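Same chain, two partners: chain A is paired with chain B first, then with chain C.
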Partner chain A sequence: MSSKFQYDLVALVIFALVVAFGVPAVMNYDGFELNTFARYLALAIVSMALSLSWGTAGLLNLGQAATFGMGSYAMAMHLKLRASDGLPDFMAWNNVETLPWVWVPFESLTFTLLAGLLVPAFIGGLIAIFMFRARIAGVFVAIITLAFLVAFQLLFINQQGHTGGQNGLTGLAQMSLFGWIVDPYSMGFYNLVAGCLVVALAFGVYLTHSKFGLILRAIREDADRARFFGYNVANYQTLVFCISAALAGWAGMLYTLVLEFASPTYMSVSFSLAIVIWCAVGGRESVIAAAFGAIVVNMLEGRLSDVFVEGWHLILGVIFVLVVMFMPRGIYGLLSESLQKLRGIGRPRDHRDAETFPNT
Partner chain B sequence: MDVIANQLFAGLSMASILLMIALGLAIIYGAMGVINLAHGEFVMLGAYATWALQTYAGIGILPALPFVFISVAAVGWIVEKVVVQNLYHRPLDTILATWGIGIILQQAVRLGVGAESRFVKGPDLLSGNTEIGPLIMSNYRLFVIVFSMAVLAATWMLMTRTEFGMKLRAVIQNRAISECYGIEAKRIYSVTFAYGAGLAGLAGALITPLFSTIPTMGTGLVVDAFLVVIVGGLGSLIGSAAASVLIGEATAIFSIVINDTLGRIAVLAGIILLIRFRPRGLFPTETRR
Partner chain C sequence: MEQLQVTDLQVEFGGLRAVDGLSFSVQEGEILCLLGPNGAGKSTTLDLICGKTQPTAGSIQLNGVEISQMLEFRRARLGIGRKFQVPSVYKNLTVDENLSVARSRRPGMWSALTRLSLTDARESAAILDRVHLGAKRAELAGNLSHGETQWLEIAMLIAQDSKLILMDEPTAGMTIQETERTAKIFRSLSDSHTLIVVEHDMSFVRTVADRIIVMNRGAMLAEGSIEEIEANEDVKTAYLGH
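Up next, the complex of A and B:
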């Protein structure tokens, strides 16, 4: 067991304890505050999903919001069907007379939960196969995923009768999980979201420290060399894209539960770039840091928008530019560098510990 | 037949606007490998500068063009000096940093001028239409088409017929060697970035009578312009011109065959396919790297 793995495990346990016990205590178990924080936690999952593909494998996916949106709409479709008897109200307004076949299986919660994970994974996988078989890399991955995101959002808004168009899906029922009616302002719901995040993080930590994660890092450093070693680079890249997409879909489902509606703005370019920002601020190399980044930036957004009603976006932009310029590895990089310096005082510097990060 | 002819003209008009925006982006991307996501905000600044000059100084669009070019280029120059210059060795991080700059510029305008849409009057000289048979062409749009071609020609001259252009091409080919020959690569980069930003400002000034001027107008434009640059090929001026005509016309044709939204989706799908099979674009420039 490497020392890095130990650090990550310790960080994960501390993170889990703080999120599960510390935060609710600070929030005084207030329903509204807990709901707000549960929103941050759901966004932490999508940020952490991006760090898997971007930080570990070096694939900058600017279309992460598309897979997030798929998950959130899967959940919203289920809750919409439960809220309406027969046809959802917006379909009648759009002269859709019978329930479209895509909607029918979403009556079942089991199907919805599976679809929320597997549909994004499948579509993410298709794009990945399409790109990585042709050895597309670097900037072009970012551009193709960005173009896909724009096209996908347009398509979603265009199919108003099936998706609610620009208005999204509103007036949703509350989910009932094994007879438990999920109230988004309750402690139980907060624990559900926090549990999901911790499970996702544990999975992410395991993945990055497994052999699979090692090969992904090898591909990030030098794809050709990994290829010469006999690894099928495209398959590894595709798999990490699928996993990242499924996690984003999971986050999307939770996000719909938190906010009680789904909107096409979840699939906008600015939302997708916001995810990248959270991931970069936290540190893309570590899943825990990426999740932490999402929580910090969103909390900051919340606080700043209370204090500076007009200018908070401006301040956020300035902070972000400063982070990119002076902390390219995010909060994580800052921590690990200072940790290394501390250790360097005690004994001669061990160069094998110094981790290089590529310029991709 | 009338519909098709008019639609072709609309496509050409759209292509000329795309070209104006993409040209600056292509130079910046081609020369420095910087993906400038703040480019849309430079367009927006150009539009607001035109609005301000017309509203407070009574200067029309055409006389305002030089002022707009210089002021937006100055903003670009400052952005390059303060932020972009430190990131040349980390190209993917420039995407993030310039996006942050875009947010800052957008919010600064929103705070300073307000979020409501602004109106700019087109020049009286160019009001009215030219009609050739069933084909009705707005004079202003015709002017934009001609102007964009003139800008393309001027940029091409700058790149190939001046000392500055020669130095720039040398730096693109090999920065280290050209620095050994006494070319100040840093200065060349700053000027190039400023020139690209100035072109975006010009584009912003010219589209004010055609688009509504709002702080968020740049975000949509930059994605389109960037696709033009990628399709055209890394840093190729002719490629950008060809790609903007292709994308403009394809959007116009698809939008009558299917509908506006689906047409745009079809164009995006086409672009994705093109990048997949020709990642270096339609007209890749031959450079030794």
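Up next, the complex of A and C:
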């Protein structure tokens, strides 16, 4: 086991303890505050998912919000069906008379949970295969995924009778998990979300320290060199895209549970860019740092957007520019560099310092 | 047995024929040295064999299998390894990590998902001692000197353990002692590997080569043992008059 792996495991345990015990204590176990924090934790999952594809493999996926949205709508469809007597109300308003076939299987929670993971993975995988077989890389990955996101959101809003359109899906029931009615303002629900995040992070830490993660880093630096060692680069890139999309879908499902509605704004460009910012602020090389970045920026937003209602997006933009300019590896890079200086190794700086966006 | 058979190979770069009607074969366990003046097409020939460049005509057969249209990674899996003229290691990865990437007996994703990143490096640790990088295992490859980088890439090719290894100027930038050590390693490699080596250092070539091919303007100029090559008049004019 490498020392970096050990550091990450220690960091993961500390993170888990703080989130599971520290945060609720500080919040005085207040239901409203816990719900707010559970929202940050759900967003932390989508941020760590991006760090897998962007930080590890160098694939900047700007369509992350689309896969997040798929998960969130999967859950919302299930809860909407549970809340309605047969046909959801908005369908009747849109002259849809029978339940569309895509909706039918969402009666089942098991199907919903699987769909929330697998549909994003499948669609992410389709786009990935098309891109990576053609050896598309660098900024073109960002452009293609962004274009997909825009098209997907438009399509979704246009299908008002099936998706609730601009209004999204509201008036949802509460989820019933093995007979447990999930109240989003309860400690139990907070623990559920926190548990999901910790499991996702443990998975991410393992993945980045596995040979799979190593090959992804190698591909990120020089994909051709990896090919000459016999690695099927396109397959590796496609799989990490699928994994990242599935995690984003998972985060989306939790997000719907937290907020008790699903909205097409979850699939917006600005939401996708926000994910990139969280990930960059925390540090895209580490899944834990990316999760941390999501929590910190969202806490800041929670505090500051009350004060600067109009100016918040400007502030977020400025934060991003500053991070890119002065700490391209995010909080994680800052910490690991200071740690190295403290240990007096005196190594020259990491070569990836200068490069924030993939350049090939 | 013939391991590699190249027939009438040709590649054109916008009118320039970098390799032009080249034919040769390599026997299993042989060390073939490829010589020639700058721009003769030596590196391009290696590029064609490993799949970096697609030929415009001709055939390349590895153990009787036509590989000239295969993707790079498939050729690597069939047993072709390549060291590049410009040392090509992962500068952002440590020496150990580089070795782990290179050790690609099981290049599939399932095996990669079920192994830790350094497991493969541990298994091939002895290779680093052989190239005197044992003390630098945790160092980022980007911090190595030029000579050490050459060593690292050679170590990576040993770890990759391909049947046919293509070495492009492996001793460039090395001291005399280092070059001698490389020659020893190459000789011991040839017990179980076939090597095609592009080199300019004649004393190195003299030590390692079983056979030599001299290229000029993309075609074969001469072929034979070191003595035959050194006595060849065409070779002398090509080197003096290019």
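The rule is short, and it goes like this: the second predicted complex is superposed on the first by the 337 of 360 C-alpha atoms of A that agree within 3 Å, B and C clash if a C-alpha of one lies under 4 Å from a C-alpha of the other, contacts with A are read in each partner's own complex, and residues count from 1 in each chain.
Criterion: a contact is a pair of C-beta atoms (placed from the backbone, for glycine too) under 8 Å apart; a residue touches a chain by one contact, two chains touch by 3 or more.
These numbers come from a predicted model, not from an experiment.
Look at A:G86: by the touch rule set out above, it reaches neither chain B nor chain C.
In the superposition on chain A, A:L314 makes contact with chain B only, while chain C stays out of contact range.
Within the superposed three-chain model, A:F130 lies in touch with chain B and out of touch with chain C [touch as defined at top]. In the superposition on chain A, contact is made by A:F229 with chain C only, not with chain B. Of the two partner chains placed by the overlay, only chain B lies in contact with A:I277; chain C stays clear of it.
In the superposed model, A:A142 makes contact with chain B only, not with chain C.
In the superposition on the C-alpha atoms of chain A, no part of chain A is touched by chain B in one complex and by chain C in the other. On chain C, the positions that touch chain A within their shared complex are 50-52, 71-73, 76-77, 81-82, 88, 90-93, 97, 100-102, 104, 107-109, 111-120, 140, 142-143, 160. Interface residues of chain A facing chain C in the complex, by the touch rule stated above, are 1-2, 5, 207, 209-215, 217-218, 221-222, 224-233, 235-236, 239, 347-348, 350-352. Taken in their complex, chain A has these residues touching chain B: 60, 130-131, 134, 136, 138-140, 142-144, 146-148, 150-151, 154-155, 157-158, 269-270, 273, 276-277, 280, 310-311, 313-314, 316-318, 320-321, 324-325, 328, 359-360.
Interface residues of chain B facing chain A in the complex, by the touch rule stated above, are 35, 83, 86-87, 89-93, 95-97, 99-104, 106-108, 111, 219, 223, 226-227, 230, 261-262, 264-265, 268-269, 271-272, 275-277, 279.
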